[in-house]
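Let me begin by handing over the structure; questions about it come next.
Should a chain be cited, it is by its letter among A, B, C and D, assigned in written order, with residues numbered from 1 in that chain.
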Amino acid sequence: MFTFTVMRWFIRLGFVILFLSAVFIFLQLPRTDWFFDNRKSLNVYAWANMIDEEKLLEFEQMAGVKVRISYYENTEELLLKLSTTKGSDCDVILTSDYIVPELIKNNFVKKLDNKQRTLLKRISAEFLGHYYDQKNEYSIPYEWAIYGLGINKKLCKDNYPEASWKTIFKPPFGYGVNMLDEARTGVMLAGLYALKRNPYTEIKKILPKINKLLQKQKPHVKVYSELLADYLVSSGNCHVVVAPSSLIWKVMRYDDNVDFVYPKEGGFFSIDSAMVSIDTKKDDMIFMFLDFLYQPNVMLHHFERYGIFPPDICIFKKSLKKWDRLKKVMPSSDEFKNALFFRKVVSEDAMNKIWVEVMS
Amino acid sequence: MRSIELKNITKSFGGELILHNFSVTIPSGIFFALLGPSGCGKTTILRIIAGLEKQDSGSIFLGKKNITQVPSNERTVNTVFQNYALFPHMNVFDNIAYPLRVKKVDTNTIEQKVLDTLKMVHLEQHIYKPIQFLSGGQQQRVALARAIISEPDVLLLDEPLAALDLGLREKMLIELKELQCKLGTTFVYVTHDQSEALTVAHQMAIMNNNGQIEQIGEPKEIYEFPRSRFVAKFVGTTNILSGKKIGSTIEIEKEGAFSLSISEERKEDGKELSISLRPEKIYITKDKLEGFSNVFVGTVISVVYQGRSTQYVVKLGKSGITVNVFEQNEEHFPKEVIEVGNLVNLYWQKENVVILKNEKI
Amino acid sequence: MKKSDLKSAIKKERFFFAMVPAVVWQGLFLFLPLLFLVVISFIKGWSYTGVHGGFTLENYTSLLDFSHLRVLFRSFFLALINTTVCLLVAFPVSYFISVKSRRWKNCLLFFLVVPFFTNFLVLVYSWFFILERNGVINKFLSLFGLGVSGPLLYNMPAVLLVMVYCYLPFMAMPIYSSLEKIDKSLLEASSDLGANFRQTFFKVVLPMAFSGIRTGVFLVFVPSFGEFVIPTLIGKGEPFLVGSLVSYYFTQSLSPSFGAAFTSISCVFLVIVAFLWFVLLKLIFTKNLRGSDNGKN
Amino acid sequence: MGKIKRYASFLFLPLFVVFTYVFMYVPIVVLVVYSFNKSSLPYMWTSFSVDWYRTLFYSSAILDAFKNSMLVAFGAVVLSLLMSVLLVVGLVELRIERLLTMFYGTLIFPEIVLGVSLLSIFVFFSVPLGIVTLIVGHTLFGLAYSVPIIYSRYKEINKYFIEASMDLGATPTQTFFRITLPMLKPALFVSGLLVFIISLDDFLIAFFCSSVSSQTLSLYIFSMLRSGVSPVVNALSTIMLLVTSVVVLVLSSINNRIRIF
């Protein structure tokens, strides 16, 4: 009787273990090759609306390669998802500047090979050699913008706002503004406004002040959203918005009411770059793809279609003839020089604390 | 076609003893009826034979084979359930073919056999009908056909006609009996309706409320010679009278006014005895007649016309003992009209009196 | 001989085998993750990429400040208001469908069930066209020269409105099902207007609907407490609720141990609320019973 | 006066119901109408067109999202039905039906809590997020819905049918496949549909547990909504509404046999 019960429990345990291993295999399915046939395809991580599907189709037909683009919502999501797969299910990553150091640190990306580096020649000097990848060993700039102020002229005609971040923090009476909806950008912006100079080193000391500043700003903020800024300013929901120049340009093309200025304290640069995943073995295919993306006509197409500012000033300047108002978003060389980055200089926890206090 | 033998079956549900040392032998090839009041455990016996219920102790033999440990699906015993348990998601054909299909018989054979069986139960024209569209009687036939198609050694019928109306029930009874003759399978028929059992059975067993068999025998034997008060009362209607035996008479009650002669002479003088007297064995009249060994005088207290017969309840003298009497309505207009309040004579022969086993109730 | 023994032993366990997958699944993907969440809420600086500190209560203590509590209570009151409004709207509607609608019943029921099963985001999305600056309401108002300059979005009332809209079917369905079980002839017998109606309503309808109301309150309150989609899309950070904060900690700020601690606190809060609700119900229920007894006497 | 009051109370309930239904359906109707708008500016009606539906069918992102959603939904349906049937049979036959309560617990927690807890454990054990993890999450929800339905139906199946089948010579396995399973069919069908719809509806689990390569329709709509309003989403929403309506029609046609609502 005793042996029988022992056997019985062995059998039961065995089955549970069997099922557990089946579940384990099921969970690991995506790692196997047959689940995703990867050989003739490129997996790209990108923000939404970064690459036109028509152009993609063109490339696919030309190169005979299937390109699968995976869009992400924010860079943290990208980081999180990369860390679960260890970068194994993607080949090309198109992402923002401030996340690049982390991708490099965590070994999610590898250095560009020589062939890929030739593409850097097509990029204007303004976009190269920045803090996140000073020698551009890993990244090729793909898109840029500088944060400034979008203004609804019609709504602000009586009291045209100052070209300063003050407009956002202490707007003229009755003005509604938007505000960036991330801790990192919000805090940095407030830091610049508080110090009136490059805040990278001193920002940690003035965190309480930033906190107060953001709290005080809150009643004026109609919407915490960066993505909707173009819509908010053109529809008149907000008088003034903080937004990247490329986003405001999208509506400026159609809507004469919208204006754009760079604040005198300096704007914030944002550069999205292309990088190569650590695990990929499809370097040639990646080169083909990037080569295609950085062709002047493709860059021009993306600029005209989606308002993606190409990292080649020449292409940008050529369009000035076509659109007169493009001048407004075209930074001067000083403005290029003055532009800061939304770098991660404040610790995550401190930023969170401020942000949660402000938002709640 | 084999006999069944149950030996010392004990079964209890939730601490309540249903069957205790129950034993019975059912000879092969006969129509056997198990008759008993509801809740007496007769269905349990059937389910134990079918293997749907496991007995606590005891053994079962099918022919000479001990099937105590054989699971239900391997016993060559099929059941017709009280509620038929026809599979609602199958039509007539599929239902009937089910036992053959699960035995993986080839399709042609199945078709042939189903057709044959359907013919046997007169359902040829409903072969592909869904079960829901059949009447009660037709469903009954399907259940029957399904149970006999695999030619079981024993067919168990668990009150199969309970849900049918009277006319249909009688018709089905006759058909069942014919079917049994044709097939020669052992039928075990469980019912609480004594008339059904009397009609169809070659042999019947009467079970009492304690789950024990009171009497086993041919229907006529059981009806005419019930051994106990329980059997006498349960099978048919009867008058039970008790009294002290003195010689070849029994003195009913203390008054001594009524003594009744019996044919048996056992030496049980002075003992309290019960007798059973079937109402139809009594002749009721206002006249005085000769040639009967017993005659009682009483007052009619109720007359119930029942079509085939008329039931009289007669009170004997002052004692308060009442006697049921059935009289065949032989004529449209009987010569003698008996009404409530009339003084009547009751006559019967002493051979018709059955002395019951002594029991204290 | 031994092999067949094993075989029959395995065969005997087939029902155990049958239940294993679902039970293991539930344990592995419901209970284990929840437990895991509690565990990481006690670990200092736990993050996805694997920085592990030791045991700490810091995650909790640092969360017990004014701003977090404010979020918690704001969510609670929003969920409470939402639940109440849903109940007040859903009850008459389900009563009407189940008792009074007659031949329109199937039609009304169908149109009640469709939003119930419709993708939540589609429902939320549909409100953009109503509440936008150029949306239906503003256009309608501008016909009368009452144009509102801004959008009706991005504020607490809009969030609440959309929440009521989205959760209404979740309240109405269970109440309807419970009302369906009432013997209709009983209600038909009593006239609608007299005191008779009031009696049947309080003695028959309400007690019968009680289980439905309980389910409905549960189905509405719990998800609206943790609501994430509507404040994110309709409110854009206004009001800032539990769902937004949890999502912020887990996906944006990448400090899951704070998130885990906050989630645990919220769950405990929810449990306390549920307990209080249960006690309240019991109180009302017993009081009602006593009240009706008095009435009889 | 009394008469007016009577009319008022007589009319109040129907009017209230009409108002509620208007409230429920105005947004949906507007949404559907604008899906046929030619203009890409969402709030200006220009003229009728079905261009956006065409765009919808040519958009590879939407088709991918659709494919993913279907894959996940089917996976969740198959897994949760399979497991619930096995579970119900196992629990009932082993007479440990108490264990069923652990399956009612899923819905007690706000979905977001389950989402983040699944996310943390997946990431911790470096389970690649994607279709598979989505199926896992949705199956969890599927179990919470299908287990009670299948359980109550299984209890409803008269034990006689199973006994009859055994009595007629079928082995337990044969009985399961030929009797139990077919008789569970309506319950399976209903809970399958429910799980399917729930999987399609789900946003929060998808938000936390899917990877970039496995966007579902819900996620797609969400990401579109974050950056404004697009008529393509209107077209997509209209189609999803249509699908839902058809499913509800099917459900209500068998509602008499198995009460779902």
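Just so we're on the same page, contacts are C-beta pairs under 8 Å (C-beta built on N, C-alpha and C of every residue); 3 or more make two chains touch, one makes a residue touch a chain.
Computed from a predicted model, the values in this text were never measured in an experiment.
Peer 1: Out of A-D and C-D, which chain pair has the most contact pairs?
Peer 2: C-D
Peer 1: Specify the chain most distant from subunit A by Cα centroid.
Peer 2: Farthest chain from subunit A, going by C-alpha centroids: B.
Peer 1: Taking the mean of all protein CA atoms as the centre, name the chain whose own CA mean is closest to it.
Peer 2: Smallest centre-to-centre distance to the global C-alpha mean: chain D.
Peer 1: Quick one: subunit A and subunit D, Cα centre-to-centre, how many Å?
Peer 2: Using C-alpha averages as centres, the distance is 34 Å.
Peer 1: Taking each chain's centre as the mean of its CA atoms, how far is subunit C from subunit D in angstrom?
Peer 2: 16
Peer 1: Nearest whole angstrom, what separates the Cα centre of subunit B from the Cα centre of subunit C?
Peer 2: That gives a centre separation of 62 Å.
Peer 1: Could you work out how far the Cα centre of subunit A sits from that of subunit C, in whole Å?
Peer 2: Centres of subunit A and subunit C (C-alpha means) sit 35 Å apart.
Peer 1: I need the residues of subunit D touching at least two other chains; which ones are they?
Peer 2: Within subunit D, the residues that touch at least two other chains are 123, 136, 226.
Peer 1: Give the residues of subunit C that touch two or more other chains, as numbers and ranges in rising order.
Peer 2: 16-17, 20-21, 25, 48, 132, 134, 251
Peer 1: Which residues belonging to subunit A are in contact with no fewer than two other chains?
Peer 2: 77, 80, 83-84, 228
Peer 1: Name the touching chain pairs, would you?
Peer 2: Touching chain pairs, listed by label, are A-C, A-D, B-D, C-D.
Peer 1: Given the complex with subunit B, which residues does subunit D contribute to the contact?
Peer 2: Going through subunit D, the ones touching subunit B are 158, 160-161, 163-172, 174, 178-179, 182-183, 185.
Peer 1: Under the definition above, what is the set of subunit A residues touching subunit C in their complex?
Peer 2: 4, 7-8, 11-12, 15-16, 19-20, 23, 74, 76-77, 79-80, 83-84, 106, 176, 181-183, 222-225, 228, 235-237, 348-349, 351-353, 355-357, 359-360
Peer 1: Taking the complex as given, what residues does subunit C use to touch subunit D?
Peer 2: The contact residues of subunit C facing subunit D are 15-23, 25-26, 29-34, 36-37, 40, 48, 89, 92-93, 95-97, 100, 106, 108-130, 132, 134-136, 165, 168-169, 173, 176-177, 192-193, 222-223, 225-226, 228-229, 233, 243, 246-247, 250-251, 256, 259-260, 263, 266-267, 270.
Peer 1: Under the definition above, what is the set of subunit B residues touching subunit D in their complex?
Peer 2: Against subunit D, subunit B makes touches at 50-52, 71-74, 77-79, 81, 83, 85, 87-89, 98-99, 101-103, 146-147, 150.
Peer 1: In the complex formed with subunit C, which residues of subunit D make contact?
Peer 2: Answer in residue numbers: 6, 9-10, 13-14, 16-17, 20-21, 23-28, 30-31, 34, 42-44, 82-84, 86-87, 89-91, 93-94, 99, 102-103, 105-114, 116-121, 123-124, 136-137, 139-140, 143, 147, 197, 200-201, 203-204, 207-208, 217-218, 221-222, 225-226, 229, 233, 237, 240-241, 244-245, 247-249, 251-252, 259, 261.
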